[in-house]
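Each of the next two complexes has chain A plus one other chain: chain B in the first, chain C in the second.
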Partner chain A sequence: MAFQLILNVFIAVVWMFVSGSASASTFIIGYLIGLILIMMTRRFFKERLYIARLWAAFKLTLLFFKELTLSNISVLRVVLQPKMTIQPMIFALPTDLEHDWEITLLSSLITLTPGTIVLHVSDDQRTLYIHAIDVDDVDEAVDSIKHTFEKAIKEVSRP
Partner chain B sequence: MTVIANFLIVVTILVGLLFTVVAVIGVLRLPDVYTRAHAASKSATLGVLSILVGVFLHFWWNKDHISIQLLLAIAFLFITSPIGGHLMGRAAYLSGVKPTKLTVGDDLAEVVKKAKQSKPE
Partner chain C sequence: MKTNDVILQTTTKVVFFIIFLFSIHIFFAGHYTPGGGFVGGLLTTGALVLLLLAFDLKTVKQALPFNFTIVTGIGLLLALGTASASLVFNVPFFTHAFDDFTLPLFGVTSLHTAMLFDAGVYLVVVGAAITIIQSIGGDA
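On to the complex of A and B.
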């Protein structure tokens, strides 16, 4: 990904030299031309087109804001209900993410989602121990973590 | 136009205020460290965040000044606050704070017990 990005900037700089003007608009035009060139020659790259990964990261950000709002509304409901009827639970969640940064990102996302906080990551980094505020939500939470967050993170990290 | 802008600013700041108040009530009402960490780490994040967004919009639309520091503050808040919640919860658990009586299941207890047995103090 970094290589494609640097190549694209390099093509833009070459375009600036070719057209003999060093302004921002020339750089942008050169960058777009470089983007088209990289798209045309994409079978020479081992990785995906870097735009695809940027788009996946953007979608992950949107997902994150949505979950943050939902989690705040759920905390608001728990805190303001007249009787405390919550049943907290600490459960284990196996994960198959590999890199350190992926696990950090996943734990941050879990901490900001409805009703869950990461308490501990096991030493082999295969299991996350999560504190859920209400046991009724546990299955739902596991489902949403497994199928939305892990998938979105994998989508970003896939080469 | 100004009316809509001011309305939006007031709404974001009020929402931020509401969530901050909810965080405070949550810390007072909830029974143990872990459930309090829920209220503190989530509501406080969105609360402070909305207030910062409101201030940013006010300076942008009414004073014609785009404040990069506010945007940076929002980004840093996002990175640091979940880690803070996680670290407080983990430190509490590993130093032996018991969860509340309402707790129904605890998968982590066995792991901690096993680790203590293999490494006696």
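On to the complex of A and C.
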């Protein structure tokens, strides 16, 4: 990803030298031309196009805001319920994320969505211990995190 | 017992730079807007303390191999030197001078010798605070 980004900036700078102007608009035009060139020659790169990863990161952000709204509403319902029918629970979430930043990002996303809090990361970084306010079924809770956040983070980090 | 600090350490690696950058900004802002050597120095100390909390004393000492007692000394020398430099020009002790210079990138900038004095204060604050924390935290 870094190589493609540097190449794109390099093409834009070369474009600025070729057209003999050092303004920001020339840089943007050169950058867009470089983007088209890199898209045309994408078979020569071992990794995905970096635009795809940026798009995945954008989708992860949207997903986060969607989950934030939905889980806020569900916590509001728990708070306003006259009877305490909740079932708090601490469960283990096995994860196959590898990098430190992926685990930090996943934990932050889980903690920022109301109703769930990451308590501890196991020493081998393979398990997250999560506290949830209201869980009917552990497998369901694990699956819902695995299928939303973990999948989206993997989509961002895949080379 | 050793626990897994992956979240704290990864976040620190990002947040440290933001705090440090802000402390530099606060230091240079001191002349016209709130800020200055003291708060700038304390913010830098705060960034270093965050490093000390996330990692351990030994790691931080290896990463930043400064003797902070000497940093305090350099700061005091800088402050005293700026104050007494006015004696050379035959004006009273602590008289400051300033002038406008044209610097590359910055344009016309007013440079004031009070900033050197502030840099001395900054170094004294950072050196003293980190010395206190390191000697309380360390074994010896």
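The rule we apply is simple: the second predicted complex is superposed on the first by the 154 of 159 C-alpha atoms of A that agree within 3 Å, B and C clash if a C-alpha of one lies under 4 Å from a C-alpha of the other, contacts with A are read in each partner's own complex, and residues count from 1 in each chain.
In this text, a contact is a pair of C-beta atoms (placed from the backbone, for glycine too) under 8 Å apart; a residue touches a chain by one contact, two chains touch by 3 or more.
Fair warning: this is a prediction, and the values are worked out from it, not measured in the lab.
Student: Overlay done on chain A, so just call it for chain B and chain C: clash or fit.
Tutor: Fit - chain B and chain C, as placed by superposing on chain A, sit side by side.
Student: Using the superposition on chain A described above, determine whether A:L54 touches chain B (first), chain C (second), both, or neither.
Tutor: neither
Student: Looking at A:I6 after the superposition, I want to know if it touches chain B, chain C, both of them or none. Which is it: first, second, both, neither?
Tutor: Neither: A:I6 stays clear of chain B and chain C.
Student: According to the stated criteria, A:L37 is in contact with first (chain B), second (chain C), both, or neither; which is it?
Tutor: Once the two structures are laid over each other on A, A:L37 reaches no partner at all.
Student: Using the superposition described at the top, determine whether chain B or chain C touches more residues of chain A.
Tutor: Ranking chain B and chain C by residues of chain A touched puts B first.
Student: Figure out whether A:S122 sits in contact with chain B (first) or chain C (second), or with both, or with neither.
Tutor: In the superposed model, A:S122 contacts both chain B and chain C.
Student: Output check: A:L62 vs chain B and chain C. Expected answer is one of first, second, both, neither. What do you get?
Tutor: neither
Student: Scan A:D100 for contacts with chain B and chain C and give back first, second, both or neither.
Tutor: Once the two structures are laid over each other on A, A:D100 reaches chain C alone.
Student: First (chain B), second (chain C), both or neither: which does A:V18 touch?
Tutor: A:V18 sits against neither chain B nor chain C.
Student: Which partner chains sit in contact with A:S108 here, chain B, chain C, both or neither? Use first/second/both/neither.
Tutor: Both: A:S108 reaches chain B and chain C.
Student: What does the superposition give for the shortest Cα distance from chain B to chain C, in Å?
Tutor: Across the overlay, chain B reaches chain C at a minimum of 7 Å between C-alpha atoms.
Student: Residue by residue on chain A, keep only those touching chain B in one complex and chain C in the other, then list them.
Tutor: 107-108, 118, 120, 122
Student: Under the touch definition given earlier, write down the residues of chain A that touch chain B in their complex.
Tutor: 68-69, 71-72, 75-76, 78-80, 84, 86-92, 107-109, 111-112, 115, 117-120, 122, 129, 131, 133, 135
Student: Spell out the part of chain A that touches chain C in their complex, as residue ranges.
Tutor: Within the complex, chain A contacts chain C at residues 100-101, 103-104, 107-108, 118, 120-123, 125.
Student: What residues on chain C touch chain A, complex-wise?
Tutor: Chain C residues touching chain A: 2-4, 6-7, 9-11.
Student: Can you list the chain B residues touching chain A in their complex?
Tutor: 19, 22-23, 25-26, 29-32, 34-35, 37-39, 41-43, 45-46, 79, 82-83, 85-86, 89-90, 93-94, 99-100, 102-109, 111
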